[in-house]
Amino acid sequence: MAACFVEGPMAVVVQNTKRTDLELVDALGAFGVATIHEAQGRTGLLAAHLRPIYRPVRVAGNALTCEVAPGDNWSIHVAVEQARPGDILIVSPTSPCEDGYFGELLATSLVAHGVRGLVIDAGVRDVAELTAMGFPVWSKAVNAQGTVKETPANVQTPIVCAGAYIRPGDVVIADDDGVVVVRREDAEKVRAASQSREDNEAEKRQRLASGELGLDMYAMREQLEQRGLRYVDGSGE
Amino acid sequence: MAACFVEGPMAVVVQNTKRTDLELVDALGAFGVATIHEAQGRTGLLAAHLRPIYRPVRVAGNALTCEVAPGDNWSIHVAVEQARPGDILIVSPTSPCEDGYFGELLATSLVAHGVRGLVIDAGVRDVAELTAMGFPVWSKAVNAQGTVKETPANVQTPIVCAGAYIRPGDVVIADDDGVVVVRREDAEKVRAASQSREDNEAEKRQRLASGELGLDMYAMREQLEQRGLRYVDGSGE
Amino acid sequence: MAACFVEGPMAVVVQNTKRTDLELVDALGAFGVATIHEAQGRTGLLAAHLRPIYRPVRVAGNALTCEVAPGDNWSIHVAVEQARPGDILIVSPTSPCEDGYFGELLATSLVAHGVRGLVIDAGVRDVAELTAMGFPVWSKAVNAQGTVKETPANVQTPIVCAGAYIRPGDVVIADDDGVVVVRREDAEKVRAASQSREDNEAEKRQRLASGELGLDMYAMREQLEQRGLRYVDGSGE
Amino acid sequence: MAACFVEGPMAVVVQNTKRTDLELVDALGAFGVATIHEAQGRTGLLAAHLRPIYRPVRVAGNALTCEVAPGDNWSIHVAVEQARPGDILIVSPTSPCEDGYFGELLATSLVAHGVRGLVIDAGVRDVAELTAMGFPVWSKAVNAQGTVKETPANVQTPIVCAGAYIRPGDVVIADDDGVVVVRREDAEKVRAASQSREDNEAEKRQRLASGELGLDMYAMREQLEQRGLRYVDGSGE
Amino acid sequence: MAACFVEGPMAVVVQNTKRTDLELVDALGAFGVATIHEAQGRTGLLAAHLRPIYRPVRVAGNALTCEVAPGDNWSIHVAVEQARPGDILIVSPTSPCEDGYFGELLATSLVAHGVRGLVIDAGVRDVAELTAMGFPVWSKAVNAQGTVKETPANVQTPIVCAGAYIRPGDVVIADDDGVVVVRREDAEKVRAASQSREDNEAEKRQRLASGELGLDMYAMREQLEQRGLRYVDGSGE
Amino acid sequence: MAACFVEGPMAVVVQNTKRTDLELVDALGAFGVATIHEAQGRTGLLAAHLRPIYRPVRVAGNALTCEVAPGDNWSIHVAVEQARPGDILIVSPTSPCEDGYFGELLATSLVAHGVRGLVIDAGVRDVAELTAMGFPVWSKAVNAQGTVKETPANVQTPIVCAGAYIRPGDVVIADDDGVVVVRREDAEKVRAASQSREDNEAEKRQRLASGELGLDMYAMREQLEQRGLRYVDGSGE
């Protein structure tokens, strides 16, 4: 989409991108990240170095994607204008950087436009204020280091953030365990699979709580023996 | 289905291993990790990258050791059957891996068998639920990434976990500062040395709180001079 | 493409994917990674933790993409069958892992099918033998740790490798500086832009070698003054 | 017992160094680290790997500088004698080390002499006790590993701590975002600039909260266009 | 063996420990690290952060084990006296440290006593001189930082080095791929298994070089299908 | 010197700074980094993550200091004008960044002005060309990632680079072991101390090569016993 073959920095903002219906987004947000990640075949997880600035926390929203140049947060200001209620801002630097790209003022602006949180593969600051505001953030670092505004970067284009490929309008769910992305076209199926998974877990939980062994509940003993597991006695040592 | 064509891994479960008496375990658990580590000559500490998922926290128990293949938590299910009340599960991957090997269901199962906590040189997930349950965990990472069940690994054999050598039935104590292991045969002596150390600290604490200098309390001035420490005046700079 | 919403691991192999013409691939391979990266607007670079196992080295080829489970190299065997002369194998684990997924035997097999090299966001082994063979490898680690063959993963699907999004048949160029991907549809334009860039550099190199300052050659002095650069004398200090 | 045979380390303690007036120190402490860092032209920040052991927290004080040998905390005892009310102890190892140099007893001693907190580019222990005491600490690691007392190092000399150059009596401010140093001779001006910055932010916050865009408030649109930002429509995709 | 429960540092040197016969050591040294690691069931590998200071290189020897305090290399001098021809010195710090514990003078001394190389989970210096001497070293870092001689540590006791448990007289083999330890009592069996593995690989290599696919040679196709691998056509994309 | 308390980036270039006499610089360059570091009391070392792009290599020169903004190499162009024959360019980013700030063209320009090498706490590119030119570089990373030219930074001011405080005209020596800085006012004394140290080592080397033990040569046995070292027999195990 961007004319990516020319020399020098050039950036695009893609407007009016499709989003996932918020009812569906919220339904996915009712499940935890681990459940959704399992329900879609263990895909879609962002790297585990992204951590929430406070706990417990859980949020779901439409991805509002935003690249930033290293040490430069200009395009975040551009992204705010593209925000719609129910979005989560997803920020990825074009080369690794842990500066504090984001703080209380930008959060105030995002809240005014209905944005539910921030996922950033870089640093944030004002974490005391962000925590007091209840604005959820997942970041690679906490860092007071400020940034300049000299180089714009892409907004609402597909990006790679913390190792995951994310397109505008994909659903992002984040909680204490991390961050996962669900493709817009898979959202309905992943909701169903997550619900089915959760229903299934309730029964398992009860049986395990009563002392039943996973070895028996999952009928693992024969397979383990075939795979070479052997039992020996250690009482004499 | 078996891993047929390679000379492969084989795994053992050692049953009926000896444990340290729980009264002694609990006595050690009354001391902090730093005290015990000092009391046994600054040995036995696990690497500092193991961090508790919530604070404050302290627990002590008999080591229930468990290896896991990378990205594979099958042997944790095997380990549950070997658990006895008062154990702490100690999990070490056979090659470094930060996947989320452990979550709420396994914790529910361990609690049902009297296990007091988990120390894992890898990742965990469901940390909101584990925190709500009050199930103590020390891990290298928090990570929603799931694991498979294809390759069994050793249970209740001596292992290296986070740089420390741990045998089944050794005593493991963990708190906000980290994790330490006490050899079963040393447990009684380490209890005494820890008590003596703690008694000694109470008096020191009082003297320091009253303003006495460590330089005087420990009689360090002469030694420092011998080692070449010199005092100069900086008031003119 | 893969039914990514169902529970459990499932993998696909996409056959007969399009490739970039080898003449064009080789033309790109005549430029270094830094030149190509600049020529396409500073995009497409893989993370700098990928390093060549020997230097100097340069190679270009069509991306033959391959995911692997953590600690499991089964799908690399699957990928070999999909190889075509002029390919470079691009391997990315589904969760971070530094095991030694690849060694001399797999390299021998790839060479027999015309594959020109390997880019892997994980570990390799047999590096002495690979170096002696002249088989180029860029990896995250060198590690003798072996892998199992239990869990297949996707071959020839779009993947994220070391932070870059790569599709089968995109062009990958790698040298001492790192690894860059060029989208198949941009390859022709990037070739032209790279050539233009290189022509331009020859003249710059000559002027700089003769002592001309970049400040003058690029006419930077006025801009620097506008940006607040000031000169002061330090001879008196 | 002396370090006899090597050309060895020698250490100095600089006494009676100047300090910044505490009224000024406290005035700076009213601002957050991010504000002060911006107010002095984005300088003075310590590396972001220094993290507080509890949150929220904020403190300001005069730097009481102290080097330590790797695995050796002897000079911290020396530093206590040099402490004055309103100081913050700044500790930097002479080569990287993450041992637990500092715990509850040293904190008790420092509190008795009016020291307000600790910044250490190494590890600390007894974090549960330090948290309960309300003694603020910023460190690189939490680590129960103890240290010896064999090698003195410099106290109250200029040091590099976490990448920042700090002299005795410079002002150090630390909060949830990190740690910043203000040179003693700049403290008055930085106070004024911080106040001006904070006044300015109050109005911005209000406008952003009402929904005004940063693009308009900061008049960025023309500059962004000049820098090559382009808007495209994505509704058809 | 050491009275590890007493307060304060105390160290032991275990003399006259058993060694593995050098003929057997040399036989193992004829195989690469990856082969031996596989032949003993993928165990015994030291962490991959240990890298050789020059390549190519391969060596095998009896482990001469040595702990060191952080920033203190005194016990290496103690270890030299315990050296026997055919030993490899294995050094592990009691807490993590990357100082340059070892250089040309110590290497000169070790060579004079028949020691074949060094494996150290810390830093080394004089790497130009060590390379010129042809003295093989595997280390965690190259670092000119010197060390003191104040705190002795254990020599010829079992240690954990880079995550592996090593006893005096175990066999250590190291090459470009890393470092592996073979238990003294397993050495004969591992030699046989390694030979068998190598014999087997020669035939595989030839078949793969001729273009035979691993999928066929290892008869993997049916298993892959059972595990859910599916082939789809991508020619229309 | 810079008005560091005002808002916004402002940068200075300090001209006509003093340098160390090149004869003295070259005399220091005759010693290795480890020797010089020891000779000045184990101070002045830059962090060990700085590694040479080729080996073996050794160079010494006057520090030509240069800060750079993250992802922005503009001030390197400014620094070239300040270069004098015998300088080494020392580059430090104002916040951590591993982009490829420097390549063949800048090296060509520096060589034309007599600069002897580069030390950069960030990334470089064109390492094949730099190696072929024989231009020595010590860097934190090799990275093809390009930089912009938007934000000037200080040139020839005192800086912190890789944890060391360096002023213009201080002497920097770099070799395979790393990088060390000698203060201009200490250069003469450090030369003498280094020579004395090297003379002393020649005799030690000879004695150690003949088999004499360090324990005897340094008369360590009594001290070791006093520090608690004990010898035990392990032949019966």
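Letters are used for the chains, namely A, B, C, D, E and F, taken in the order the chains are written, and counting of residues starts over at 1 for each.
By our rule, a residue touches a chain if its C-beta (ideal position, glycine included) is under 8 Å from a C-beta of that chain, and two chains touch if they have at least 3 such contacts.
Everything numeric in this text was worked out from a predicted model, so none of it was measured.
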{"item": "Chains touching both chain C and chain F, listed by label", "value": "A, E"}
{"item": "Chains in simultaneous contact with chain A and chain F", "value": "C, D"}
{"item": "Type of chain A:chain B copy interface by residue overlap (half), same or different", "value": "different"}
{"item": "Angle (degrees, nearest 5) of the CA superposition of chain C onto chain D", "value": "180"}
{"item": "Inter-centroid spacing, chain F versus chain D (mean Cα positions, whole Å)", "value": "26"}
{"item": "Whole-Å separation of chain centres (CA-atom averages), chain E against chain F", "value": "31"}
{"item": "Multi-chain contact residues (two or more partners), chain A", "value": "8-10, 38, 42, 45, 95-96, 98, 143, 145, 150-151"}
{"item": "Chains touching one another, given as label pairs in label order", "value": "A-B, A-C, A-D, A-F, B-C, B-D, B-E, C-E, C-F, D-E, D-F, E-F"}
{"item": "Chain E partner contacts - residues on chain D that touch it in the complex", "value": "3, 5-6, 8-9, 69-72, 95-99, 143, 145, 148, 150-151"}
{"item": "Residue ranges of chain C touching chain E (in the complex, touch as defined)", "value": "1, 8-18, 74, 77-78, 80-81, 98, 100, 103-106, 108-109, 111-113, 123, 125-128, 131, 141-146, 149-152, 156, 168"}
{"item": "Of all residues in chain F, those that touch chain E in their complex", "value": "32-34, 37-38, 42, 45, 48, 51, 55-56, 58, 175-178, 180, 201, 204-205, 208-211, 213-215, 218, 220, 224, 227-235, 237"}
{"item": "Complex interface listing, chain F residues touching chain D", "value": "2-10, 38-39, 41-43, 45, 47, 94-96, 158, 160, 163-165, 193, 197, 218-220, 223, 226-227"}
